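Dropping a structure here in structure tokens format, bear with me for questions.
By letter and in written order, the chains are A, B, C and D; residue numbering begins at 1 in each of them.
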Amino acid sequence: MKRLIGLIIILTITLGVAYYVSQNLTPQKSLHPLGKFYLKNSYFGDYSAKSPEAVTSIVWDYRGLDTLFETAVFFIAIIGSLTLFRLSKEQSEEAKQGEPKRELPEPVCAVTKIIVAMILAVSASIALHGQLTPGGGFQGGSALAVAPLLIIAAYSKYALEKNGLDKTRAIIIRSIGLLGIALTALTPLLVKGYFMQNQPIFPGKALGAPLGGSLVYYNLFEYLAVGAGFTAVFLLLSIPEEKFRKFLGVKQ
Amino acid sequence: MNGACLTPIIPILFAFALPITSILVKGNRRVVMAYALTGTGLTLVSALKLFQSAYSSKEPLVYTFGGWTAPVGIIYEVDRMSALIALVTATLMFLIAIYSYRYIEEALEWYFTLYLGLEAGLLGVLLTGDAFNLFVMIEVTSIAAYALVMFYRDRGDSVVAGLKYALIGAVGTTMYFLALGVLYYGFGTLNFANLSALIHGLSFPVVGKPWGNVVVASGVALALATWAFLIKAAVFPNHFWLPEAHPAAPSPISAILSGLVVNVGVYSLARFVYTVYGGSLSAGLNSVVHALSVILMFLGAVSALFGALMMLVQRDVKRLIAYSTIMHMGYLVMAVGVGSQLALSAAIFHMVNHAVAKALLFLSAGVFIHAAGSRNLEDLAGLGRKFPVAMFSLAVASLSLVGVPPLNVFFSKLLLFNAFMGKSFLLALVLVLSSVTALVGYVRVFYEVWLGKPKGDVKARESWSMSGVCLVLALACIVIGLLAPYVVSHYIDPAATQAVNYKLYIQKAIEYASKVKLGL
Amino acid sequence: MISLLWSVTIVSLIVTLIISVYGIAAKPNLVKKLIALTIFGDTANVLVVLLGYRVIYPVKPPILPVWKESALQSFLNTAVDPLPQALVLTAVVIGMAVNILIAFAIIQIYRIYGTLDVREAGRFLPNLLRRGE
Amino acid sequence: MKGVVSTALLTFVTYIIFTGSITPYDLVTGAVVAIVIGLLVGKFLVENDAKALNPLRWFWSVVYFVWYFLVAEVKAHLDVIGRIITGNFEPGIVKVPLKVKSEYARTLVANSITNTPGTVVVDVDENYLYVNWINVTTENPEEAKKEICEGFEKFAERIFE
């Protein structure tokens, strides 16, 4: 009852304020000049990123520096999580001790195998078409990370580790992705361009589709980096709790 | 175009490559250390170069990322204020990296990855000329700071403190993000120069006139942004995370957090108040900025007194120093609130001095804490005689922070005093009162560590990499103090003059717009 | 009518913001705090997206449908502002990164203290200090 | 190199369908992605390449697809509709023996049973399926099998065994 009264009060106040505000509020119908600039120039014009997707061209070209450092934030968050859950050499060896086994019924596992292959294809499509449709490296990478997550759920994390995808490998792939981003950003400096410059240094079109110049490379490397980063996190989270308690020396 | 503006890129590149390097060398500590020193060293060289070009040119330096000028793309606009603080930041980060080698005993590669990320964030905050990029860089700084506070992952207090810091910090940055949304809605742009031009009624390419109601948008945006920055600067009533977070971190990180990371909030606030909303404004905006400055002065004063009082009752050395940080942040925010050019030079000088002295204080206390394995004042008793260099540094740092002439903080406090007297006698009184109170706190530390009865027998020798860094910083405190008039007239005052010259700031951004042939 | 609906949307988002801040401050359970924080961040993102929205019909996403210059004008007339979306994209990733870190910290606290309640975890802290760790 | 080709084909088709366009760019990136994925996960997906690429098996799978959706599904739907209207049902779990041995065949049978209305597989073990059946007419495993899944199993054998 008490909750209900609170709810009613909040609703009344909300509606009252909303009514009051609506008296002198005109919803905007036109575009900001800056927004218009981006829409106009993202594909055509002299100030173009050669990508019909205005959002991606802002994300990786016009305001590319933001995204570079956004990637850095994500990188630091994952490194921070690894630091928080860090294990010594012996401990990480011990954490890897275990046999892959089916943790879910057989049909689920069999379907998982096929789904994993399809998810990999779909995520690559999301990442590689970031310059044409909504999506991009981060979204594709997040989809990519679903594959190891499903494998962990169906076959346990040892299945990944026994087949060569352990935390160290994930970090290596991640570093390669990040260095790829950095190299793409640095390339224009070689030809006296600006850091993260896109046009006219990178080819804007190839194979009958707009590439968006550097956008496609950024998306590809971001895809690898994000996918591998999430994989490292999932591998860390799937270490059994008892092992962790033992490592930390906590008695409960 | 000035290549030195790419300074924040260097540490982040080094951070990106550190995990793979460490895997390749199998976590060899020496290689990791050499790598980190190369990273921070190159950054320092670049920051020095930037400092030289900023002081040799009469105008702010501009770097257009991707070749896009404001407001279409992100530009770095580096005036002398940014370059000066960036130089201090890069120098301290380099020295503290040396110090960390002996202090951090495990997981050095993770530590330095986060460390380099933190450095990139700090430098980015200082150099950027774009409000949204400022948000991203603040996040880079903060997230690295959260992770580093939780570095001692098996100590409950560290993790709890880091978690509190992260929760409150995330709320703050989201507030700032909302402020940016409002700014974009009201003005149609996110570039500092462009915002300033719109506020002062000057022309600018692409976004020539404000979009909505400037006064309302400024009011809401400034309120939200100020809240966010006050959280970052740990000013009352948003200070409560700091006395837990700063002590819980490893000492070198405490030094960075207290000396440099809190400056992020004050610097951003100063950028908004002096460069974007500086000079003469229309009546509506003027009342908004006036209200803001009153609030800042009030909160700063409360914060300074509160910090000083809390220093008296602490038993944990690092906690005591952390409260002193709150006190000094109170001074800085008061100075930003005062709003005169004198106050800005005082704030810049104090920011620099406080960074050096506070870092020194944490580092020299860290030597003792490392040796004794405890942060409790009683456990450190009498250790001073075993570590003469560290003791000397601790003495210099605490005397300096109290404001004893001829050490550096004395002169910035003097400037602050003058600036406060220009506004109100009460503010100056707060400065004096809190300084006197703080003196008692520092003397307690000093007395215990030097003359207290040793509790147990600590077998540790002075390590040169740690004490040497302390010595360098202690000498810096003394030298800056002795040369204070020269430093103020040659470095601080020009920085303040340029920071309040919003017309030049705007003009420089426009100039670049035409240079890259984007004149629309 | 449209402006009333519009203002109801905006005001209720602002109310959600206030409630979630209350949740972060007042709930003792760490997971609930994290949930409140994600609500806070997401609401802020929605609010910023809405600030770049255009209240017109039909309204289109900012993606050029046909790669011909003749289509540009009608595109400009219907497309929404892409900048707030790009900003929110960045903010979403950043918010998620912070949430990952906080979630890891919460797990770690649970391992160390066996509780998710800040008040209970807080009781351990003075002991730790006294033990001189 | 086990299973690379068939997995690559599967992923390539998925890629193109998901992308929804066939420019040279899509084809080239799709092919590259498909080969990479095939190399990475092919060996886990496919045990016998000759079986996976046998056109006869593909033919049977198309036949099964048509039969399943046009005949089996319709029959099951009508049956359930009738039971809903008349209220004539007696639900229960029965044990159904399974002859097919390969993983995919068993999966196909189990999923086919689950996807038709009126029957849901609740668990699987070595030799039996446990099926929640809307109208248990018999508890004898062999007879139940005849009613529930004999057709499915026949096809599963042709496609996968």
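Simple rule for what comes next: a residue touches a chain if its C-beta (ideal position, glycine included) is under 8 Å from a C-beta of that chain, and two chains touch if they have at least 3 such contacts.
Everything quoted here is computed from the prediction, not taken from an experiment.
Visitor: Sort the other chains by how far their Cα centres are from that of chain C and give me the top one.
Guide: D
Visitor: Just the number, please: Cα centre separation of chain A and chain C in whole Å.
Guide: The computed centroid separation for chain A versus chain C comes out at 16 Å.
Visitor: What's the distance between the Cα centroids of chain A and chain B, rounded to whole Å?
Guide: One centre to the other, that is 30 Å.
Visitor: Could you work out how far the Cα centre of chain B sits from that of chain D, in whole Å?
Guide: Distance between chain centres: 62 Å.
Visitor: I'd like to verify one number: the distance from the centre of chain C to the centre of chain D, where each centre is the average of its C-alpha atoms, in whole angstrom.
Guide: 41
Visitor: For chain B, write out the residues touching at least two other chains, lowest number first.
Guide: 132, 136, 139, 143, 146-147, 150, 153-154, 159, 184 - these are the residues of chain B that touch more than one other chain.
Visitor: Touching two or more other chains, which residues of chain C qualify?
Guide: 52, 83, 90, 94, 97-98, 101, 105, 108, 112 - these are the residues of chain C that touch more than one other chain.
Visitor: Can you give me every chain pair that touches, using the contact definition above?
Guide: The complete list of chain pairs in contact reads A-B, A-C, A-D, B-C.
Visitor: Under the definition above, what is the set of chain C residues touching chain B in their complex?
Guide: On the chain C side, the touching residues are 17, 21, 24, 30, 33-34, 37, 40-41, 44, 47-48, 51-52, 83-84, 87, 90-91, 94-95, 97-99, 101-102, 105-106, 108-109, 112-113, 118, 121-122, 124-125, 128-129, 132-133.
Visitor: Write out the stretch or stretches of chain B touching chain A in their complex.
Guide: Chain B residues touching chain A: 1, 6, 9, 12-13, 15-17, 19-20, 23, 63-68, 71-74, 106-107, 110-111, 113-114, 117, 120-121, 124, 132-133, 136-137, 139-140, 143-144, 146-147, 150-151, 153-154, 159, 184, 188-189, 206-208, 211, 518, 520.
Visitor: Mind listing the chain C positions that touch chain A in their complex?
Guide: Its residues touching chain A are 2-4, 6-8, 10-12, 15, 19, 52-56, 61-64, 67, 69, 72, 75-76, 79-83, 85-86, 89-90, 93-94, 96-98, 100-101, 104-105, 107-108, 111-112, 114.
Visitor: Please name which positions on chain B make contact with chain C in the complex.
Guide: Listed in rising order, the residues are 132, 135-136, 139, 143, 146-147, 150, 153-157, 159-160, 162-163, 166-167, 169-171, 173-174, 177-178, 180-182, 184-185, 316, 373-376, 379.
Visitor: Write out the stretch or stretches of chain D touching chain A in their complex.
Guide: 7, 10-12, 14-15, 18-19, 23-26, 28-30, 33-34, 37, 40-41, 44-45, 103-104, 106-107, 110-111, 121, 123-124
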